[in-house]
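The structure's right below; bear with me while I get my questions together.
Going in written order, the chains are labelled A, B, C and D, and every chain counts its residues from 1.
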Amino acid sequence: MNPGTQGKTNFFEEVEIQGHIIDSLLLPKVLDEILTQGGSYLIKEIRLGQRQEDISYARIEVHADSAEILERVLDSIHDHGAIPTTANDCQAVEADMDGAFPEGFYSTTNYRTQVRLNQEWIDVEDQEMDCGILIDPQGTSARCLPMTDVRKGDRIVVGRQGLRVFPAETQARSNLFEFMASPVSSEKPKGVTVREIAQAMRRTRESGEKILAVLGPAVVHTGGVEHISQLIRMGYLNVLFAGNALATHDIELALYGTSLGISADHGLPTEEGHEHHLRAINTIRRLGSIRTAVERGVLKSGIMYECIKHRIPLVLAGSIRDDGPLPEVITDVLVAQRAMREQVRGVGFALMIATALHAIATGNLLPAWVKVACVDINPATVTKLTDRGSIQTVGVVTDAEPFLRALVAELSK
Amino acid sequence: MNPGTQGKTNFFEEVEIQGHIIDSLLLPKVLDEILTQGGSYLIKEIRLGQRQEDISYARIEVHADSAEILERVLDSIHDHGAIPTTANDCQAVEADMDGAFPEGFYSTTNYRTQVRLNQEWIDVEDQEMDCGILIDPQGTSARCLPMTDVRKGDRIVVGRQGLRVFPAETQARSNLFEFMASPVSSEKPKGVTVREIAQAMRRTRESGEKILAVLGPAVVHTGGVEHISQLIRMGYLNVLFAGNALATHDIELALYGTSLGISADHGLPTEEGHEHHLRAINTIRRLGSIRTAVERGVLKSGIMYECIKHRIPLVLAGSIRDDGPLPEVITDVLVAQRAMREQVRGVGFALMIATALHAIATGNLLPAWVKVACVDINPATVTKLTDRGSIQTVGVVTDAEPFLRALVAELSK
Amino acid sequence: MNPGTQGKTNFFEEVEIQGHIIDSLLLPKVLDEILTQGGSYLIKEIRLGQRQEDISYARIEVHADSAEILERVLDSIHDHGAIPTTANDCQAVEADMDGAFPEGFYSTTNYRTQVRLNQEWIDVEDQEMDCGILIDPQGTSARCLPMTDVRKGDRIVVGRQGLRVFPAETQARSNLFEFMASPVSSEKPKGVTVREIAQAMRRTRESGEKILAVLGPAVVHTGGVEHISQLIRMGYLNVLFAGNALATHDIELALYGTSLGISADHGLPTEEGHEHHLRAINTIRRLGSIRTAVERGVLKSGIMYECIKHRIPLVLAGSIRDDGPLPEVITDVLVAQRAMREQVRGVGFALMIATALHAIATGNLLPAWVKVACVDINPATVTKLTDRGSIQTVGVVTDAEPFLRALVAELSK
Amino acid sequence: MNPGTQGKTNFFEEVEIQGHIIDSLLLPKVLDEILTQGGSYLIKEIRLGQRQEDISYARIEVHADSAEILERVLDSIHDHGAIPTTANDCQAVEADMDGAFPEGFYSTTNYRTQVRLNQEWIDVEDQEMDCGILIDPQGTSARCLPMTDVRKGDRIVVGRQGLRVFPAETQARSNLFEFMASPVSSEKPKGVTVREIAQAMRRTRESGEKILAVLGPAVVHTGGVEHISQLIRMGYLNVLFAGNALATHDIELALYGTSLGISADHGLPTEEGHEHHLRAINTIRRLGSIRTAVERGVLKSGIMYECIKHRIPLVLAGSIRDDGPLPEVITDVLVAQRAMREQVRGVGFALMIATALHAIATGNLLPAWVKVACVDINPATVTKLTDRGSIQTVGVVTDAEPFLRALVAELSK
């Protein structure tokens, strides 16, 4: 009991936090959380780096009126990287059933996380938010595990002891993706935005990481098929996530020259137009698969065609509004999630255009350090996508086709 | 060959159309389609009802420059109810494989449709858009069949011969649902809108039809759980379609008092709030089902609780952005569609609030004559939902909770 | 009294309507209005053109339960072109005061209108909605007059007698601007839309009519200044309407390289950026005018520069959110309206980009037959602008800069 | 020259900053700005308050590669409260002309600002953003002055010397208005939001400050007139800003029972409806003023009626899209700004509903410490309004009428 706190708070714990805690806003956020959650604090020690490249350090005594509040405060600041000074190994218990975590399981974020095993800090693999952490039987490695994949007997981390999280830090910023407040306004210079995204794609390719595209059907409706095809041919698109609609309208366009019945050529509805997408699906189903349609020369252009020609891994995930669906569509959403999870490994940049459902689903699977550009004409969609707490996500409120046109032009330079 | 057309068009066919063809805009739409699709017309006979309750009739000669264009024009006006004067029985061929229609299959609309079998016009059952039509082995009845449900040997209607469609007609309108141009503006008197929807719900209940609610998670986030619970208790909600998110946040609210981590009580984020939804799902999965959670007294309030207590049929359809999911969630989207298809039978009114995915999926399954009210704060969502060509769909751009509060107050009068 | 109506309605009047009354939806609209307003009808005679180029004609007896309702119905259908068969000269009374119409004044639409003077039908000049009609002292001509411009003694038309309105008719449509339902969806092929607008601009220039641009500040923020400058230099922009913000940020960009403090070059906020617009205004005010700034070589590029260099008439209308404002800004809104009214004469095409206030204000002044393209990234703005009842207005939901880039490219072909 | 910086930066200046610099994010923002603008820093001294109520202090050496960059950095961090340790009196020069500031004028923010005069720090009065600062002839007081009000000879502050700004600080937050990140999401519990706004209004009234309402016409269209009338009668609305549209449709509703021609009673368009607003304006213009209409018993209900009955100061500001306008409308926007500026004095709370133009104009005039609630169904409008950098502004994405209904209910408790 610290007499300086005048008997107000009998419950306290000392935590420490280090890194670029001032200019990355970690320290302010921690102090803010303590107050918001009903605690108070004493800064016991602070060592600020004199220059921006120096690491800073703070030791803080967190006080609360009850053990319960103290627990709440500590849990809350833990996600911002504040951990008790008295570190122990993390705790794990065995799952008592399939498909569910044991009570008290630790729920993951998308930030880099370490667990303490045998007094050593070890990186958690397959970082993904809203999972549990599985400790391997030898007790030497750890990885994120979705709830549905839990098997009885799995050793799952509980509580926050022996765990530490490394929230994103910001450095001196010189481009869009290093910028803290992701701009989602439609009132920004668009040429610059396109240039920055092109640059990030170039760097990703050079570094040997994969570029993932997540596309909605408006890419086809607005006339963006040829642009995406070019990105594939230029090697700037290495994995594709989409749904039945994108694939269907892409194939409809290749087979009938329409998209949702609207002629790509003159922009007017065509006769029977509303049926074209259904006939396109039926044609492919009769052939057995999109792949067969390409091999037999039925499908000769478009995004699906290019993906198959260039062996781009493709995950078409099903949804309840699908007609058909196309044979390649994975109709079980858990199976689709697993396929997506498989493919996000090694992704260094994700370009999400004109889709809320697939983009949010993908965002849930990506660790915070993967750069993401979310492009949508609806600011509400962009806001939802950029709310995932990553400083690496940039939202662009703009129209799909003109954006893609400019992006291809920029990458062709 | 009609000499009056001066040799311009060698290809023509006579069609007829009847009903309230003037004030329901059927005739103008037909004439417009003919021109748009590249044909021309001669009105051979027209008998207009003198009064608005009279049925009118028109006989029109449709001309085109080629057989192909003529076919296109005829197909196009067929959906507006114009059928050749020389009617034959509809044609059906056997499906040559599972899961796909034969070439040339007729693709359905959501309007009332009849097929001519043995020279008699017979109603198509289970009317649903984007399906084929299955003729029973006896050749005496017909029903809509989704592509995925086709079995080899099924007799499927091809072409448009012997088929007629009855597009919606409008009468002298005295309330919102009879109004032609569905108002989606946010700048309409809201009290009136609520009153009309309440009235439609009362009438539906009185007529013995079911009221379907399709709800998104914002119903929970904005504070609408108690209002929906009241609708259930008052008997104004007979079937519920939703996804994992609505159910999860409803249960999160019941168990933790938060929704997506935001306290329903004071509107501020709570500690660990972002984990509550995951813990809620885990709790239910540990118990085995939502039903068990209610039976064991773990879940004591909320929409899910009321549904189970009042035996409201519930379809929770999965999506790729689901965490968990809850045990009752149907993870295969085709299975979920079938469950929804089952439950839309007998629905007379559908109230869709704050969901795009589930609302559009449901809209695809409903025949055009079911009244639908789409409520969303985002005009883009409302527009998408009201674009399904039914005069019975009314879009309301407003906020979920205040709308529900006013609706419950109106229904309680 | 018509015995056929069985004494129900003692009040009736015969009206006639002619033109393309079926495919232009005029007749259906008239019948619909009669019912909606509480009347009923008997179609006495109908002569439909056999071919689409033929003029049709209908004579209708309108019935109502009271003189008041009958009056209401007749007033209501008058705007759709239905006029009593017994035509008399229009009636005018002298204004009894400045700045207000006499009671019972006729309120104009933006459709072509004729008044009957000395038993002859004469076109109303300066057609504009929400005005009165002024008859010249000789009683031989008529023109629209805004309320504020009324002078005591002016002869103002009252009632609807001797007045006829020609609502827009549609023909066989082959391009966007002839299309009835203006597409406002963001999910349309954008290349086609741009091509159609470019074509309309070319035709307008060839016909010797003026192209008006109405621009909001997002044109500058998104990076569109150079595109607009090119349109001016290419002769595709003949009149400009804007506000203080567009002009200020255009000048800010020319003087400081920023727009609202955001660098056009690297897209990041610059130091003091928020002050640049104020310093830009101050600089121009110190010089006395934008014109002087150009003449003295202070302002060397941008939209304002090009307007002055190419003698493009420019109306900068003030609003209460203006800083400064710039010297050329007309701070009295009635004076600004008059300046705009002056300049819309001879305009054949209006391109409105990224502005609600100025676009709506301009829309109010334009007759219905002027083609308008409204470009905005916010669908709500586009909907408001396209709701003015003109089939010549096309709404495009897209981003300002990419749209302009594509438009300039298309026009440069 | 500090040897520790290894000759990299020859240009530096020492600044200091104090307050709740950690948890108010002032220090991180300052460090961030220094880096963003191209400078670097050395933290010379830091004294952190141990508890959250303690004032902290930092002394920082700012380095740059050139005098120009250093100047830029210093200007940039000045707005965040960092001022040179060597403080001098502020500098002022005489305006050399009417209506424009001298070169180098200091451009104000909406934060509390002090100037140093005769070595004493003095508060700047009438704090308003985007103004200059006028020093009185005696050199003992200072106030904000709009550009247009400058008179030749006025003493205007130039540069940043002897000036300090107090950016908003945050404390332990317990309600909406103390919350840092203003929630603009439509997915928040609405009951809580209404309760907090009601509480802020009660506190404002109790403290003797004025409540300002800024209203757009959708308040009338959605059916909110009676709710606003009640707020006035209950004493919760002390000043009203609006435009011609709000006043016109309010009067249209009182005189004709319609709003923009839509019946408030049954929600359907009425005959001649589009003319009602014009006839309403004409009626008032014929009477000379809204006041006269009330006095003569012509106008018997509505917002305008209640304002006049309860002597609520009313500013109706003109815009170029106005019809008429009503006699009370101030058509010169600079005169209107002055009238608004006059009335914002003493305002402690501003409720802005369903208006972008008037809300932004009012936001420009308010100091940062006035609490503001912005209510609009369009998130884009709310975002624009909450972007003014005040932690006291809360955005609520919801529908006008239901919000007002709930607010009145809450205030009536």
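By our rule, contacts are C-beta pairs under 8 Å (C-beta built on N, C-alpha and C of every residue); 3 or more make two chains touch, one makes a residue touch a chain.
Just so it is clear, the structure is predicted and the values come from calculations on it, not from any experiment.
K.L.:
Please state whether B-D or A-D has more C-beta contact pairs across its interface.
P.N.:
B-D
K.L.:
Where the centre means the average of the CA atoms, what chain is farthest from subunit B?
P.N.:
Farthest chain from subunit B, going by C-alpha centroids: D.
K.L.:
From the mean C-alpha coordinate of subunit A to that of subunit B, what's the distance rounded to whole Å?
P.N.:
Spacing between the chain centres: roughly 33 Å.
K.L.:
If you average the CA atoms of subunit B and of subunit D, how far apart do the two points sit, in angstrom?
P.N.:
Whole-Å distance between the two chain centres: 46.
K.L.:
With centres defined as the mean C-alpha position, give me the subunit A-subunit D separation in Å.
P.N.:
A distance of 37 Å separates the two centres.
K.L.:
Can you tell me which residues of subunit D touch two or more of the remaining chains?
P.N.:
36, 173, 268, 378, 380 - these are the residues of subunit D that touch more than one other chain.
K.L.:
Per the contact definition, I'd like the list of subunit C residues that touch subunit A in the complex.
P.N.:
Going by the criterion above, the answer is residues 173, 175-176, 179, 183, 186-193, 196, 217-218, 221-223, 259-260, 262-268, 377-378, 397-399, 401-403, 405-406.
K.L.:
Residue numbers of subunit D touching subunit A in their complex, please.
P.N.:
4, 22-25, 27-28, 31-32, 35-36, 40-43, 46, 48-52, 170, 172-173, 180, 185, 379-380, 383
K.L.:
Name, in rising order, each residue of subunit D that touches subunit C in their complex.
P.N.:
Within the complex, subunit D touches subunit C at residues 33, 36-37, 72-73, 75-76, 97, 99-101, 103, 105, 107, 130, 147-148, 268-272, 274-275, 278-279, 281-282, 285-286, 317-325, 331-334, 336-337, 340, 356-358, 360-361, 364, 378, 380.
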